[in-house]
Amino acid sequence: MGRPTEQKATTASDPLKLVFPILLLVLQIVFVILFAFHSNYGHEPKTLNEHDLIAKISKMITATRQPAVYLPNGTIYEPTTVEDPVSVPHRGINDLYSMFQDIHVMIFIGFGFLMTFLKRYGYSAVGYNFLIAAFVLEWALLVRGYMFDFDTSTRQFPIDVERIIVADFVAAAILISFGALLGKTNPTQLIIMCIIEVALQSVNEWIGLRLFCAFDIGESMFVHVFGAYFGLAVSAVLYKTEKDDEEKEKPIYHSDLFSMIGTLFLFCFWPSFNGGVAAAGDSRLRAVVNTYISISASVLLTYICSNLFGKGKFEMVHIQNATLAGGVAIGTVADKIVYPAGALVVGSIAGSLSTVGFKYILPKLKKLKIHDTCGVNNLHGMPGLLAAIVGIILASMPAYSLHENNLLSSCFHGTHRTGLQQVGYQAATLGITLSIAIVGGLITGFILRLLENKNVLTYYDDDTYWDTPTDFHNDELENE
Amino acid sequence: MGRPTEQKATTASDPLKLVFPILLLVLQIVFVILFAFHSNYGHEPKTLNEHDLIAKISKMITATRQPAVYLPNGTIYEPTTVEDPVSVPHRGINDLYSMFQDIHVMIFIGFGFLMTFLKRYGYSAVGYNFLIAAFVLEWALLVRGYMFDFDTSTRQFPIDVERIIVADFVAAAILISFGALLGKTNPTQLIIMCIIEVALQSVNEWIGLRLFCAFDIGESMFVHVFGAYFGLAVSAVLYKTEKDDEEKEKPIYHSDLFSMIGTLFLFCFWPSFNGGVAAAGDSRLRAVVNTYISISASVLLTYICSNLFGKGKFEMVHIQNATLAGGVAIGTVADKIVYPAGALVVGSIAGSLSTVGFKYILPKLKKLKIHDTCGVNNLHGMPGLLAAIVGIILASMPAYSLHENNLLSSCFHGTHRTGLQQVGYQAATLGITLSIAIVGGLITGFILRLLENKNVLTYYDDDTYWDTPTDFHNDELENE
Amino acid sequence: MGRPTEQKATTASDPLKLVFPILLLVLQIVFVILFAFHSNYGHEPKTLNEHDLIAKISKMITATRQPAVYLPNGTIYEPTTVEDPVSVPHRGINDLYSMFQDIHVMIFIGFGFLMTFLKRYGYSAVGYNFLIAAFVLEWALLVRGYMFDFDTSTRQFPIDVERIIVADFVAAAILISFGALLGKTNPTQLIIMCIIEVALQSVNEWIGLRLFCAFDIGESMFVHVFGAYFGLAVSAVLYKTEKDDEEKEKPIYHSDLFSMIGTLFLFCFWPSFNGGVAAAGDSRLRAVVNTYISISASVLLTYICSNLFGKGKFEMVHIQNATLAGGVAIGTVADKIVYPAGALVVGSIAGSLSTVGFKYILPKLKKLKIHDTCGVNNLHGMPGLLAAIVGIILASMPAYSLHENNLLSSCFHGTHRTGLQQVGYQAATLGITLSIAIVGGLITGFILRLLENKNVLTYYDDDTYWDTPTDFHNDELENE
C-alpha cells in the first residue's frame, strides 16, 4: 500500500489545494447577495377551485337577472355585457411538478450513476455530478433570472416551478460536458467550467429562443449539442497533458451495473424531459408519445447494431448509452406533428448512429487527440445534430411544425413567418450553438489548463481527491 | 482464462448468430410501416381552463338573457333549453402521467433490477429486461391498437397516455414470463416469445374485458396469472436441455443488494400499478389505499414466515419477492370496497402463501421438471390466483364489487347483470386466462426449442452474449 | 467457514428466537381487528369535471330564467338567491399523489440505501428499513386515525392520500432513530421500539399541532428532532453492552456507492417532503422553492467543509449525509416567506454545521458513550434544532411567518395570536419534543436491553439474522 500513501503526499503538496474551498465559498456569498437583492417567489396560478368558480358564476348570473326585460313601455332594457374578469392562466405545481421531479432525478441519479462505470472513479463520478448539479442550479437561477425574467420595475426575477425546471436543464448541459472530461479534471477546474459554461449556454439559448425564435422543446440543440461540443472542445485542449491509462478507464462488473441505474432512469423519464415545458394539451401529449416511441426505437436499434458489431455479443457501453439517443434525436421536434411512425424512424436512426459512434468514431476522435471519456459525442453530440436537422426539415412544413406557436410576443420578429424563414432560423440556431460551444469550450480549456494537476497518475482515480476505503487498494480495483 | 476464450469460440460458430439482428431489424421495419398507416396521436381532454370555461358560460348566460319574459300580451316566451355542449370527458396527462411514470419505472428499473440477483447474469438480467420491455412497448401499441382501439372510419388507432400505460402493463406480463426463464434463453428466443405472448395476452384480455366484462383493475389475472403460467409452461418444455448449474444460480452479496433496488421500487409504485387506470374519484383512491395496505401486510407476513422457516434467519429471496405478493393479490379488487381490513387480510395471506411457495413449492416444481428461476409462481402465479378468487367471491356481493361499473357500452352483454352472473364471468375469465397461458406457453416452448443453444454451459452466464470485463473471470464470480 | 457455522449454533440457541415471529403475528392480527372496526376509506374531492360543472350551472341559469321580470301589474318578481351547493373542497389524488410517491421512495429507497454503507450490514440496513417502514405504515395509520381523525359519530377514521403521506412521515421519524442504532439491535427490539415510538411521536405531534398550534410544515421538529434524539437516547442506554468493532463499522467501495443511491433520492425528493402537505397555492410553491434552494446550498457547503477538513480530500460520509441537512433545516419554515436568499443562508449554515458534526462532534459523543452509527445527530438532530430556531425567530415576524394560517378551528387557542405568543408556542413545541424524545428514548432503551443479544460479535454483521452467500465470508468483506 505504498502507492496510495505516496499519492497522498503528492496531493498534500498541491499548491492549489485551498483554491477550491475558498473559491466556492466566495461564490456562495456572492450568490446570497444577488438572490437577496433580485430574486423573489413566483406565484401559483389561482387553482380552478369549484367553490370559488361557482361563486363567481353566481355573481355573473345575478348581474344578468334583471336585464333584457321587455318593459311595459315597449322598450328593452339592455344591460352591459358580462365582462370576463379572468386573465390568461399560467402553469403551476399541478401541471409541472411531477415532470419536474422526473427531470430532477435524471440530473442527479441519471447522469450521476451513468458515469459510475469507471472502476476506480465511482466516488468522483457520482460525487462531482452532485457538486456540479447543485452549483449550477443556484448559478443558473441567477443567470436565467437576470437574462430572461428580470422585471425592470420591481428589479427582481421570480422563481417558480418552471424556472427550477429550466435550471435543471442548464445543469444537464454542463453535466454532458463533464462526461467528456470524466476522470481528467480536478474539482476547481469543474467549478470554473460551470461558471463560464452556464453563462455561455444561457446566452446561446437567449439568442436561439428570443432572437431567432427557434423551436427546440427538448433542448436538443441548447442542451445536448451545446454541452457535447463544449465539452469536447475543452477536452481537445486538455489532451496534451493526458497520459493514457487505458486500464483504469475500464469498467468492472458491478460498476457497469451501477451505470445501468443511471441509464434506466434516464430512459424512463426522458418523456418528462422533452415534455416538461411543452404547451399544455395536445403539444404536451405529442412530446410524451413521440419521446416514448423514439427512445424505445433507439433501444432496439442499439441492440441490433451492438450484436452485429460484436459478432453476437453485446457491449455494455452501447446498452448504457446509445439506447438513449432516441430521446435526444426527437427532442427538437418532440411536440410537433411527426406522427408515431416519424418518431420511430428518428429513434431508429439515432440508436444506429450512436452505436456506430461508440464503435467506430470514438477511437478515431481519440487519434485526433479529442478524448471523450463517456462518449458524449455519440449520445448527445451526433443525436443532437440529428435532432437539429430533423427540426430544420420539419420547419419547411408549417402544418406539421406549427412554428408560429413559438413566435411569442417577446420574439423580435413579430408573430408571422413563412416556413422557409423558419428553416433559416433553425439552421442559424444550430450554427450559433455550435460556434459558441466550440469557441467557448476552447477558451475554457485554455483557462482550465492553468489549474491542472501536473501529476497525470491522478487521472481516473478517486484516490486523488477522496478518502478511499481499504478495499480500494485491492487487486480487483487496482491493477488487472 | 482459457474457459472464456473457449466459450467465445463456441459462440462464434453459432449458426443462429445472425438471426437475432436480422429478425429484429425486419420487425422494426414492419412496425414502422404499420405505425405509418394506422397510428395517430390521441388527444388531451380540453383542460378545465378557467378562462375558456367562463367564456363559455358567459355565452350560455347571454343566450338565456331574453327568454322567459312575461310578454305584454300575457303569454310567456319560452326559449329552447340550454344545451350541454360538452361531451363525456376522458383523461389526460394531469390525471395519468405521474402514475404512468411510476409504472414505467416498475417495468424498467423494478423488474430489471429485481432479476439481477444471479451472480454471473446481471448484464443479461437488466439488459434483456430492457430489450424485452422496449420491444413490447412498440409491439403492444400495435396489437392493442388494432384489437381494442381501431377506428374503422379513419382506419387508425390513437396513442395517448392511457394507451402507453397499457403497453407497459403488457410488458409486465412478458417480463414475468422472462423471470421464469431467466438464464436459460438466448435473445432470439426472447424476441420470438415476445411476438407470440403479446398477441395471446391481448386476445385473452380482450375476451376477459370485452366478452366476459370481468373486472381486474390491477391486471392480476391478465398480467400476473397469464405471465406466470405462460412462462412456467415454456420453462417446462425447455427443461430437458437444461443442465443444473446450481452454483451459478446463486447470488453474491452485492447482487442481492442490486436486486433490492428492484424490489423497493416495485413496492413503492405498486399503488400506481393498481390505480393507474382506475376510474377517477373514489375508485382510484380505494385502489391506492387498498394496495398500500395490502402490500405492507405482505411485507410483514413475509418477514414472519421467512424468520420461522429459517429458524431465526431471514432469506433474501423471500424479502426480495414475497414482500410484493400483496400488490398482486389485491389487484383484481383493488378499486372495490373491500375496506382497509380486507386489504390487510388479503395482503397477509398473499405474503404467507408466497413465502411458503419459495420455501416449499419451488423445489417440488423443480423435481417435476418445471424450473422457475425467479420464482414467478410464488410472486405472480399463486398470488394472482388468490386475487382472482378474491374477485370471484367479491363479485357475489354487488354492493361491494360495484360490478356494473365495468359493463361498458362495449360489453356484449348489455349493462345489467346479477352478482351471480358476474361470479360466473369472473371464474370464466380466470379459466380462459389459465388455458390460453398454459397452452400458449407450451406451444411457444416447442417453438423456442428450435432455436435453443445446444451448449448448456452458457446458462446463467453473461459471458455467452456479452462482452465481460476482466473481473468477471475472478474467483469471486467464477467458481466458489 | 467454521465461523458462520459456529455463529449459527449461537443463534440457534437464542431463547428469544420465536419472540419475533410470534410478536409480529399477534400484532398483525390485532391490527386487522382494529382496522375492521374503526377504519374506512376517505373520499376524493368531487373533481372539477367540466361536464358536471356545466350541467350544474345550466340548472342554476334555468332556475334564474323566469325571475326578475317586470310584471304587467308593475311589481317585480324576485326569486330566491341562487344557493351555493358546494362545500369547501379538500385535496385528492391529483393534488397529492405525485408528492406522496416521492415521499414513499424517500422512505423505502432513500433511507434504506443511505444505510447500506456498512460493509457487512447491507442486508440488514435495507431489510430492516423495509420491515420497520412497512410495520410503521400500518401502526401509524391506526394511531393517527384514533388520535387525529376519529369521528365519534361513525366511530371510524378515514384513510386517504393525505393520511398515507402522514403515515410515511411517521415512518421517517422511526427510521431516523434506527439510523442511530444501526448494527446494534435485533429485529425484535426494532419492532418493540416501533410500537413505542410511533405512539410517542404521535402524542408529541398532537400536542405541537393541536395544543400549541405550532407550524412545522416539513416536520423538522416532529420528525427529525424527535427521531434523532429518541434514537440517541436509546443508543446511550444500549451502549454498555456494545463492543467496539471499528473495522466492521467501515464501508467498502461499492457499499458507499449503494449508499449514494439513497442520498440522491433523498436530495431529489426533499421538496416533496417539505411541500407534501403544504396548503395549495403559493404556500406550496414556496415550500418547493425554498427546499430546492436550501438543500442545494447545503450540498455546496458540505463540499467546501469536507475539502477543508480533509486537507483537499472529500469524505464520502459527509457527501452522503451532510449534503441533505439543508432539507431538514428549512423544514419548519419551508412554506413561509423567507425569500430565496433566506433559504440559501439556512441551507449553507446547515451544510456546514452537519459536516462539522460528522468530523468533530460524532467522535466526542462516542467518548460520552453515545454511539451514533449513521450520525443522525449531524443530519437530523442539529439541523432540526436549527430549523426549530429559524421557526422561533420567524414567528416574531407575522408578516413573514403567516402564523395565523396554522390556527385551525381545531386549535384550542382560537384563531388569533400575536407574533410573540407564536414565538412562545414554537419554543414550547421544541421543548416538549426534546423532552418526550429523550425521556421516551431512555425508557425504550431500558426495555430494549431486556431483549438484547448477549453476543456482541453479532453487531454490524448480517450473518446473525440473515442467510448469507458464500462471498460474504471472503477476505474483502471479512477482515481487512
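Residue numbering begins at 1 within each chain, and the chains themselves are lettered A, B and C in the order written.
The rule is short, and it goes like this: a residue touches a chain if its C-beta (ideal position, glycine included) is under 8 Å from a C-beta of that chain, and two chains touch if they have at least 3 such contacts.
Source: prediction; values computed, not measured.
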Fitted rotation between subunit A and its twin subunit C in degrees, CA, nearest 5: 120
Same-site or different-site touching of subunit A by its copy subunit B, using the half cut: different
Separation of mean Cα positions, subunit B and subunit A [Å, integer]: 31
Where subunit B touches two or more other chains, by residue: 46, 48, 53, 57, 61, 69, 72, 94, 98, 254, 261
Of all residues in subunit C, those that touch subunit B in their complex: 8, 11-12, 14, 17, 20-21, 24-25, 28, 31-33, 35-36, 39-44, 46-51, 53-55, 57-58, 61-62, 65-66, 69, 71-72, 92-94, 97-98, 101, 104-105, 108-109, 112-113, 116, 122-123, 126-127, 130-131, 134-135, 137-138, 141, 159-161, 164, 187, 254, 258, 261, 465-472, 474, 477
Subunit A residues touching subunit B - in the complex, by the definition given at the top: 46, 48, 53, 56-57, 60-61, 64, 67-70, 72, 74, 79, 81-82, 84-89, 94-95, 98-99, 102, 119, 250-254, 256-257, 260-261, 264-265, 267-269, 271-272, 275, 280-282, 284-286, 288-289, 292-293, 296-297, 299-301, 303-305, 307-308, 310-316, 319, 323, 337, 339-341, 344-345, 348, 476, 480
